[in-house]
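These are the structures in question, set out in turn.
Two complexes, one shared chain (subunit A), two partners (subunit B, subunit C).
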Partner chain A sequence: MISLQDFSYRYPGQQHFALQQLNLEIKAGQFCGFIGANGAGKSTLCYALSGFAPHFFRGEVRGRAWLGKKNISDLSLADLAGEVGLVFQNAFNQISGARFTVRGEIAFGLENLGLARRRIVTRVDEVLALMDLADLADRSPYELSGGQQQRVAIASILAMQPKVLVLDEPVSQLDPHGTQAVFKIIEMISQRGDTTVVLVEHKLEWLAAYADRVIVLDHGRLVMDGTARAVLASADLVKLGIGRTLYSEAADLARNKKLVSAPSHLPVTLNQAQALFQ
Partner chain B sequence: MRGNLLYLDKESSLHQLHPLSKLAFTFFFLICAAALPGLDWLLAAYFFLLLPLAGWGQVTAPFLRSSWAVITPFVISLSLIQGFFTGGETVLFSLGRFAFTFEGWLAGLTVAARILVALGGALLLTLTTRPDALMQALTQRGLPNSLAYIVLSSIQIFPRFQDRAQLILQAQQARGLETGGNLVRRLKLLVPLSGPLILSSIVDVEERAMALEARGFSRPGRKTSLLVLRDSQAQRLLRFVLLLLGLGLITLRVWTLFQ
Partner chain C sequence: MKVKVERVSFVYHSGVRALDSIDLAISSGETVAIVGENGAGKTTLVKLINGLLRPTAGRVWVGNWDTKDFTTAQLATRVGFLFQNPDEQLFERSVEREVAFGPRNLGFSEAKVKAKTRRALQQVGLLDKAQVNPYDMQPFERKLLALASTLAMDTPVLVFDEPSIGQDAAGRRRIQRILAGLHKLDRTLLLISHDLDFCAQVATRAVVMAGGRLLADGPISKVFSQTELLAQAAVSPPQMVRLAQRLKLPGAPLTPRQFVHTYSAWRNRRKRT
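After this line comes the complex of A and B, so read on.
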């Protein structure tokens, strides 16, 4: 679905490349998590996959980024809208402000795509049900809580039925309750199998539980790539400034105090930790 | 659907008129305000046309409240100014050398009544028309989408700026900024308040633009819409008649001026 070949990107006016010679292939329907320290290039990668780098930020691209058989550099943002959906941190800024109700806000993207009204109605109703927003459909999106707004933002993108959904730290400004709701939805979208999900996320426990694959970026380079268990249990994550899951921390502590025998892999999910401690 | 909107969600037939029909009413009353000859005609337009229309739209109470709240200061100030400074035969009372004349007072009231009729036409539109419906009707007639977007998003985002300004004010107060005092001190306050407000808003603009792009806003080609606007032959006729009446009023006014 997505393939990067020696892909590098430099923001205008910057000396160094924010992304450096990335080689990467993400299959259709895969759920791929990205982690890395601050400034590792995670957000830039999201912008590159959704075409905002270079089409919105300008700057210089080297190498190729393919979306299916099309080169993202050759497409316009208008072409990419509806193909790749981007959701970012700040829910408030993602509400268009062009419509007065949640229903209208979700329909806004479809109106721009020029869909027939009948299809807009069906799709909006589908997404409202899917995202558990039906009760809020006639409220103003500005009168909702942060978690609800972020759900509206995801719903608005999802209604456009993108093949790839790119989420850049979608829960970083949400409370635990909102976080839980948004993660549940991402999990559900991924399990439907028709959408490729790319998620940048600091909450490692959550990636461990749901991501098919985790990729680590450091200073714009790809440094690790593998299954969630293999990557997240790695001792190198701490050196890269990313940290570990709480389960790994607990297991490490227990091992040092000789409470458990040294495991071959540190646990990264609740189930794995349970198995170890029992 | 609430917030700072004047719009009131009712099921009246006036609400269900096509936004352009209501806009035609607004323009018609604007012409009335400028072209009707005297106080009697203007008040008749207000009480026998505007008020029944507001009643039809089930918005009589807010219509009266808003129009009188705006017009009262005009009535007072215009009466005083015109009463004292426009000459006339009938002196009602005098303050020293200054005489308050009936003719001047009447002239003041007439100007206030013109404002009242124009305001009434605008209120009728805003109280019974969803802004997004109006903008949709206008974009279908060739208004650029970006312009419609600016209008609609300002309506919604402006109150959020007020919230943010309040937040910045509180943050600066927490750091020991004095917010009381005389006018000069209060003016000086604008610097530590508007700086963060403007800068943070500029940062927001980039993300907002990206969010719009992600929703295909700049996509060329025809756009569709969820909202359905119902128009009819009768309403097209109504708009045509209002246009003719408006033109007639202007002609009559110009003609009487040259007499």
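After this line comes the complex of A and C, so read on.
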């Protein structure tokens, strides 16, 4: 579904390329997590996949980014809006300011896609229920807490039913139960098989539990790519400034004290840690 | 400096009752984590402490000041506030001007403003970006800049609303070090966070909120081990507590180091019996 070939991107006025010679393929239905230290290029990759780079930010592109058989650089942002949905890191920046209610905000994207009114109403109601926003439907998006705004931002994109769902730290302001609910919804969407999910996240334990695949960026380059367990258990993550899950940290400490036998992979989830220490 | 909240209720203009008769006393030099689900009233509570909001009923004391008798500007000399969204507090043309704004408005001499600005930028690691426009920075840097602006005001009470959002491992460690340094200086610290593992590293006391009320208040290891109580506030215990509970280990280890210590002691006891 997504294919990058020697893809590089440089913001206007910058000397360095924020993304450098990326080569990767993400299949439809895959739930792919991206991790990296701050400044590694994760958000820029989100912008590149959704066309904001270069169409909004301008700048220089080298190589190719394919969405199916179409080159993203050749598509307009309007063309891309129906195909790729981007949930912004800062939900506040995503709110259109053009609608007075949460319901109107979620409908805004659908109106711009030209859907019939009846379909818009149905989809908005579905997403309000899915994201547990029905009680807030008639409130102004600007009166909501950070966490509530984040759920509205996700709902606005889910309503558009994009083929590629790109989420840049979508749960940073949500409480743990809200975070779990969002991850379950994203997992359900990806398991339907026709939506590709690209998710940037610092909280490794959530990717460990939900992502099929994890890709590591470092200074704009792809440096690791594999299953969630294989990548997240790697000792190299510490050197890359990403850190590791607390389960891996505890297992590593226990291994050094010879309290547990050396596992082939350090645990990255609660269940894996329980199995090691049991 | 002490902070005291006495029978405080707060109702927004929309009619939403965000706080319902809250009592909370925080001693000078304490680091208190405030946790709870979205909409529990955490941010409303701390906005009453720095005067951005005023109680509908009850009183809020910052030291010997009843907040109803002081302006927000006056309260800013006692309470520093790091907003959840840094974009709500940044407005200057350069990083240096942004950080200097607070101490300058508190009436410090230019030499002191310069020294405080430099020190705060050094603490958050942004000294080399002093002349950069804040809006040319990445979101995680803007959060650190907002933190520097709060630190530069050198207030006895500091409120941090989700300080670790968007930070990588190095950024989280840096913020942990800054909070530990402030604790040593006897500052009173209030920390709102959904990240209980982060709270466990820096706070000694935890307050759990749900539906505008306090559900629990006590030593952090005691509060964070009460799974059922935390569930009422839509909060999960820290990862190490969850692991210890699965293994039926005694106690509530909050960090990997504490967990390994508990596990080692439990294993030795089991071997002996």
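The criterion applied here is as follows: the second predicted complex is superposed on the first by the 260 of 278 C-alpha atoms of A that agree within 3 Å, B and C clash if a C-alpha of one lies under 4 Å from a C-alpha of the other, contacts with A are read in each partner's own complex, and residues count from 1 in each chain.
Assume contacts are C-beta pairs under 8 Å (C-beta built on N, C-alpha and C of every residue); 3 or more make two chains touch, one makes a residue touch a chain.
Note that this is a predicted model, so its numbers are computed, not measured.
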item	value
Contacts of A:Ser73 with subunit B and subunit C, given as first, second, both or neither	neither
Subunit B versus subunit C as contact partner of A:Lys257, first or second or both or neither	second
Touched partner set for A:Phe108, first subunit B, second subunit C, both or neither	first
Partner chain(s) touched by A:Asn90 [first = subunit B, second = subunit C, both, neither]	both
Touched partner set for A:Arg99, first subunit B, second subunit C, both or neither	first
Touched partner set for A:Gln21, first subunit B, second subunit C, both or neither	neither
First, second, both or neither for A:Gly82, with subunit B first and subunit C second	first
Partner chain(s) touched by A:Asp175 [first = subunit B, second = subunit C, both, neither]	second
Partner chain in contact with A:His202 - subunit B first, subunit C second, else both or neither	second
Contact residues common to both interfaces of subunit A (with subunit B and with subunit C)	90, 92-93, 139, 143
Subunit A residues within the subunit C interface of the complex	36-39, 43, 89-90, 92-93, 139, 143, 145-148, 169, 172-179, 202, 205, 238, 241-243, 245-247, 249-250, 253-254, 257, 259, 270, 273-274, 277-278
Subunit A residues touching subunit B - in the complex, by the definition given at the top	50, 52, 56, 77-78, 81-82, 85-86, 88, 90, 92-101, 103-104, 107-117, 120-121, 124, 138-140, 142-143, 153, 156-157, 160
Of subunit B, residues touching subunit A in the complex	1-3, 5, 130-132, 148-149, 152-153, 156-157, 159-160, 204, 207-228
Residues of subunit C that touch subunit A when the two form their complex	14, 36-39, 43, 84-85, 87, 138-141, 162, 165-172, 194, 196-197, 234-236, 238-240, 242-243, 246-247, 255-257, 259-260, 263-264, 267
